[in-house]
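The next block holds one structure in the form of structure tokens; read it before the comments.
A, B, C and D are the chain letters, set down in written order, and residue numbers restart from 1 in every chain.
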Amino acid sequence: MSYIYKRTANYYETDMMGIVHHSNHIRYFEESRLAYMKSRGLDVLQMEKEGIIIPNVDAYAKYFVPVRFGETVDIEVSLTTFNGTKMEYTYTMRRENGEIAATGHTMHCFVKDTFRPISLKKSFPEYYEKLLGMLE
Amino acid sequence: MSYIYKRTANYYETDMMGIVHHSNHIRYFEESRLAYMKSRGLDVLQMEKEGIIIPNVDAYAKYFVPVRFGETVDIEVSLTTFNGTKMEYTYTMRRENGEIAATGHTMHCFVKDTFRPISLKKSFPEYYEKLLGMLE
Amino acid sequence: MSYIYKRTANYYETDMMGIVHHSNHIRYFEESRLAYMKSRGLDVLQMEKEGIIIPNVDAYAKYFVPVRFGETVDIEVSLTTFNGTKMEYTYTMRRENGEIAATGHTMHCFVKDTFRPISLKKSFPEYYEKLLGMLE
Amino acid sequence: MSYIYKRTANYYETDMMGIVHHSNHIRYFEESRLAYMKSRGLDVLQMEKEGIIIPNVDAYAKYFVPVRFGETVDIEVSLTTFNGTKMEYTYTMRRENGEIAATGHTMHCFVKDTFRPISLKKSFPEYYEKLLGMLE
């Protein structure tokens, strides 16, 4: 299953090349991921309050076509891997004409405030089940 | 007394106008303020650990000449007001030829983690004295 | 007349204080201003293609209450001054409960690619009239 | 050969996790790459004036240890691939104690203002030779 997140590029996200700076795609990916998770009952704000921090293990973006100010893109995000300690999301960013602007993936782990790993299955079985459900 | 902070504009700080986006001047101001404070024994990282949060009450920037990628500006920062509960910094950003690129000022207060006000004089007299010293 | 722009705070817009960094309010103001202008037939993307650049002359924000990740704010933006060579917008950012989170204003001028001033009335009378209409 | 770029993390680059947001590592990589290129006679500002635009084809970062506000990291950057139409840089970000905070790589191509590919060897042989020299 996947989730579609719509995003319009802001002026301040462009650079002197006249296009959205490539670092912002990583931010758009995050927006889409957090929206997707929230839609499935995984509210990162709530999770942090419960002591679950979800840092990035890695992040990758591949750029096909520049995105320009004012343009609205669709980001299709899906959870592609989850094993209880790590999860990977995959992203496809499309322009309004369906053309792929960028793709990417990000890996995440679950840690406490002290950045020590958490076993989600053991400590937060409800979230564990929800993430499993997102794989289907 | 004042402090000079040098900053070179980054590519990703430009926008499609080909100049550093105006929101970044506010960030450069912050960099200069925190460097100045640190140079006077007020390390914000350490202060936060001690429970002192220093949010902005306001921020103002006036733009005279655009700053471009690769350009190095000098930011002269001084503490212009401090009364124990609030402090105001004033900034002058100059290009290498001495021309003024921007000016500004920011007001700050002192709060706890809960965003309740702190009396610096009463709770942290050492910091209070250091700030008074910066006014001279 | 004014325009309401809705904005949800992103995770990457927060800082270690746990709140939206104050420089981002300046960016939210820009988003609201450009959306308002576009809604009134002033599309900055189109205007730049016609050779009209609209840099900031100044920017001010006053912060009342922190904005947090996931929170949606309303930004009410209005054109408060316009004399053909400069224009000023005023902003009120409100939380969902109506509480004011921040206010601000920004002044802008109209220049060519070379950053030389343009008389909008003379060179682009249609845009001039639209801006006058926004004052009412 | 490689180049070392020093960078101190700014307050506004942190997020509510209390660490530098992962999108900023991509920006730090860019800073180090452009500084390295400039040190070898490849000034991107000058190159853009000559009509050479160098967008990202992809970008990858792997995060080992969080970077915190005020911390200074060394980014070691090297050109690892160059074939006249594409180039890849590899990055290792180290904390002051030598520990690796992050690694990454970015691929770039050379295009005109119109985003059409340029053969650097044919059109800009001097830059071509300089890049070949950076591989050694």
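By definition in this document, a contact is a pair of C-beta atoms (placed from the backbone, for glycine too) under 8 Å apart; a residue touches a chain by one contact, two chains touch by 3 or more.
Computed from a predicted model, the values in this text were never measured in an experiment.
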item: Result of counting contacting C-beta pairs for B-C and A-B, higher pair; value: B-C
item: Most distant chain from chain D, judged by the mean position of its C-alpha atoms; value: C
item: Distance from chain D to chain B - Cα centre to Cα centre, in angstrom; value: 28
item: Computed distance of Cα centres, chain B from chain A, in Å; value: 33
item: Mean-CA-position distance for chain C and chain B (Å); value: 24
item: Residue numbers of chain A (touch at least two other chains); value: 11-12, 16, 19, 23, 27, 30, 69
item: Chain C residues touching chain A - in the complex, by the definition given at the top; value: 10-12, 27, 30-31, 34, 38, 43-45, 68-70
item: Chain C to chain D touching residues, read off their complex; value: 11-12, 14-16, 18-19, 21, 23, 69
item: In the complex, chain B residues that touch chain C; value: 16-17, 19, 22-24, 26-27, 30, 48, 53, 55-63, 66, 115
